[in-house]
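The chains carry the letters A, B and C, assigned in the order they are written, with residues numbered from 1 in each.
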Amino acid sequence: MTDIVVSAVDIDSPLSAFWRRMRRKRVALCAGCAIAIFMIAALFAPWVAPYDATTPDYDHVLSGPSFAHPAGTDVFGRDIMSRIIWGGRVSLTVGFVSVALGCLAGTTLGLASGFAGGFLDSVIMRFCDVLLAFPGILLAIAVVAVLGPGIANVVYAIAVFSMPVFARLVRGSTLALKQAVYVQAARSIGVRRLPLILYHILPGTLPGVIVYLSLRIGTSILTAAALSFIGLGAQPPSPEWGAMLADGRSYLGVADHLTVFPGIAIFVTVLAFNLLGDGLRDALDQRLG
Amino acid sequence: MSQLFPRLILAAAFTVAGAGSAIAAKDLVIGVESNMPHLDPANTNDTLSQSVERTMYQGLFGFDKEMKLIPALAEKVDVDETATEFVFHLRHGVTFHDGTPFDADAVKVNLERVMNPDNHLSRRSLVSMVAHVDVLDPSTVKVVLSQPFGAFVNNMAHPGTFMISPKALAQYGKDIATHPVGTGPFKFVSFAPDTVKTTKNESYWKPGLPNVDTVTFKAVPESGSRFAMLQTGEAQFIAPLPAELVKPAQAIPSLDVVISPSIVARYLALNTMKKPFDDLRVREALNYAVDKTAFTKIVFNGYATTMDAPIPPNLGFYSRQGAWPYDPAKAKALLSEAGYPDGFSVELWGATSTLAKRAMEFLQQQFAAVGVKVTVVPLEAGVLTAKLWNVQKPEDATMQMDYTGWSSSTGDADWGLRPLLYSKSFPPNLFNIAYYHSATADAAIEAGLASADQSKRAAAYAQAQAIIWKDAPWVFLSVDQLIAGQSKKLSGVYYMPDGGLLAEEATLN
Amino acid sequence: MLTFALRRLGGTVIVLLTVSVFVFGFVRLLPGDPARLVAGPDATSEDVAAVRAEMGLEGSLLQQYVRYLGQTLRGDLGRSARTRQPVISEIGNRFMPTLWLTLAAMGWATLAGLVIGVISGVRRGRWQDQTAMVIAVSGVSFPSFWLGLLLIDLFSVRLGWLPTGGYEGWRSLILPSLTLGATVAAVLARFTRSAYVEVAGEDYVRTARAKGVPERGVIWRHTLRNALIPVITLIGLEFGFLLGGAIVVETVFAWPGLGRLLVDSVSLRDYPVIQAEILLFSTEFVLINLIVDMLYAVVNPEIRLR
């Protein structure tokens, strides 16, 4: 005789069951492959990109898309397609790592806060309130003042200001999940706190986390560009996608290709992460069922 | 019968409306780039606030649209040969917007206000050399200086010494900053940091002016949106219009693009106290390494002119020096001669604006071609000023190269040279961040200030510029061109070389 | 619930005090001399010293903080170093525009986000879902200046229906709130969909269906209520962020909001304004998070707040 909780334990191992479900989600797998391709292209940029990212060509500035330059050239005559490929190194890293760090820290805090409740909850939430009060720009400036400029510090800065959001998201879900039937049941049969949190509550918070994580990747690439306006982040001539967008701003209506192509790069990346995220979430979800 | 009355009312309404539009108000709206923090002329330091103040305030002297000194509230001035005594003969029959007469007492009140250290006014240095102000009679004022200052009349044309109504000063105190009362062609209506409204001064002392009924300044920071304002007719004049938008603007038949010279110079300051910039050959090499024409084309879309003297052509006592031609081979040769056959590495500082970054990237590319490896370091304004201007001792300065610009707001060579290239102007006193010190240049700069005689000053400044040009403490780059967009219906609004706006003669057709 | 709220408000004081210390210390950490920045490039060092005296930057840090705390508690937030106007009026003048913009943007974004999200969830896997996904992703991948300038070009320049910017009348609110709300709508749509999909498979929904409750009732009554928890959290957070100003939208539409005030004040190291704004944001977030927590309990009565 098995009760409800025990029936959640599958016949074969959880991991292979998850993988079996994942394999069926073709769209998500394609997205995963796409991301892998982008990363490889970025890693092997010197061989993949047709041109160098920094060599200027003053005779061909601001030219639109053509056979020689599929994405056109920028204000120094540099090939935009190549710069996008090279730029993937910085943008993909900053985009993903910064949000992932914030997510990790925030999820931990949120789980602890929501599960423990009481005084710990108050302290952690008030700490988040203090962080939330400081707009991202200010926190980023603080990071620069303390750690100095440089792309690594952009990552930390973005992680710091996305952390309280993840914390509050996860805490909210945790509060609700604490009351769920299957959690109460697990508790009643003596499951300890840590496994309870990790195996029963955390998976329930993951859908929200995955959605927010995959959306924020685009936002953090754009934020990194905004930070360069206060001297933080990738410095010229680094072909970072957000910076390319920002530089193209004054040319809207005159040379739209400067903003359109980096924008498409960011769009495709975020789309891929979202599709992958959906697939992951669905595959995980059935485990709870 | 019951139908007739409403119809009559309607007809009357239309007639009145029609008549109203025939004598429609001529309202000028000027779109500008940034907010106007406040309107106290003795405390503002940005050309925009000064432009707005210029519609309502005037000084003893003023500038015409080409930055030439012209009399304003003073008709003429007598200067003694030691350049320490200035007697101003004031214009008759001028009143402030609140009815107070403009006279010598008003001048004394205003000058003493700015001179007074307890008022903490940031433009105090314009009159810090004044010993005392004497009222000789209601339309004559004598100003005695504690040391010679040949450019003093220029200081009286600077917005910092605009004349405010003494009655208003007494009435508003510190709040005069948001309640301007002056003698200008327009009177104050309302203030908000992004919108300042003024209306016609019916009793303005210049006959026939102004021609428009109201002038409103609207701050619209995004240049694309500012341009949209011009296109929809919400504004009739916008400044600045970025170089990228000139072509689209020229394509619109109802708009005009106005291009005028400026006194804004852009250059690369080199720290002449640090290796390798202490070697003249290195500095010369860097000047030969930059293609100045390509610089203006790539960075400013062609809307800039190459520098041919340490100060821009529209500045008083400018003296043309020549050119540093583009010669990368010669640059490499000079570098080898100086002991750097493989070049060297260096940090290039500058602001974080799009234009500054573009300029720095361009310079990076040019210098790379002669072996100089540049790391571009854009710095936020606060950090930049701290690292450049707060340095107490020259040995502690960490700057190597800094891409920067300068505009002499007094329109005179003195303020274009002395704060930047005089040996007593090292930070934190003034802004000689190149730490340039040359005894001969110093002597020439001092001579320029010691007399008010135009020809003596001209000779002194010509000599100073020649010395500085040869010594190349800077890589001399470009002089901005000012670009504004206006409706074809508008005339009489001018973009002055210092970036200020003159709206006194505005006319709408 | 009441005692909870009261205890939370007590905690607020601690938060505000902590924030005030942090922001006070933080702005002084920033490199740069505020007096020099405010006095401007043409000022000599004597001018700068004059400005410094006026800004009250004399004395040790502790002395400055005590002076600042005392003044704040008395309601005197000081004068802006840049404009010499009282900080209260600087912020006050921009609070209403920011509030209006926030309300308008959140209003339509919440509506659109929820509706699109539910549709996506119900029609999961079909073309409505995919389309909504693509739109949402564009919403967060393209910068808002792009959308803003596009809207201005279309509705102001070409069609002449709406003003290009500024804060005058309800018409000037439309384009900025559309631009600002776009990202929020995108995020909410995705969240709503995800929450819906997750809960739709839950046991009790199946149970309700088994009991014979009609499909429509199932969707609305049982599913949505619990699915709302993460959505409410996010709405609260986004509301808080928007109340802090929206720098890009304010720049593109010349909207006199708190975002630009903060950025300008930071550039010029205008300490009094920065400090006051952060305290304001902090208060706003504390209140918002309090309301959100109370809403959790309303939506899901099993959640106990302590």
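Operating definition for what follows: contacts are C-beta pairs under 8 Å (C-beta built on N, C-alpha and C of every residue); 3 or more make two chains touch, one makes a residue touch a chain.
Not measured: the values here are computed from a predicted model.
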item	value
Arrangement of touching chains [line / ring / star / complete / other]	complete
Innermost chain by mean C-alpha position	C
Distance-maximising chain from subunit A - centres being C-alpha averages	B
Between subunit B and subunit A, distance of the C-alpha-averaged centres to the nearest whole Å	46
Between subunit B and subunit C, centroid-to-centroid distance (C-alpha), Å	37
CA centroid of subunit A to CA centroid of subunit C, Å	21
Shared-contact residues (touching 2 or more other chains) in subunit C	30-31, 145, 149, 153
Multi-partner residues of subunit A (at least 2 other chains)	141, 230, 246, 249, 252-253
Of all residues in subunit B, the ones touching two or more other chains	224, 380, 383
Partner subunit C, residues of subunit B touching it in the complex	35, 37-38, 40, 43, 45-46, 117, 120-125, 128, 174, 177-178, 192-195, 218-222, 224-225, 228-229, 231-232, 234, 380-383, 385-387, 389-390, 409, 428-431
Subunit A - residues contacting subunit B, complex	54, 56, 58, 61, 75-76, 141, 149, 228-231, 235-237, 246-247, 249-255
Contact footprint of subunit B on subunit C as seen in their complex	30-34, 36-48, 50-51, 53-54, 82-85, 93, 145, 148-149, 152-153, 156-157, 160, 163-166, 251-254, 256, 260, 264, 267-269
Contacting residues of subunit C [partner subunit A, same complex]	11, 14-15, 18-19, 22-23, 26, 29-31, 133-134, 136-138, 140-143, 145-146, 149, 153, 183, 186-187, 190-191, 194-195, 197-198, 201, 203, 226, 229-230, 232-234, 237, 240, 244-245, 247-248, 259, 262-263, 266, 274, 278-279, 281-282, 285-286, 289, 292, 296, 300, 302-303, 306
Partner subunit C, residues of subunit A touching it in the complex	117-118, 121-122, 125-126, 129-130, 132-135, 137-138, 141-142, 145-146, 165, 168-169, 172-173, 175-176, 178-179, 181, 207-208, 210-212, 215-216, 218-219, 222, 225-226, 230, 245-246, 249, 252-253, 259, 263, 266-267, 269-271, 274-275, 278, 281-282, 285, 289
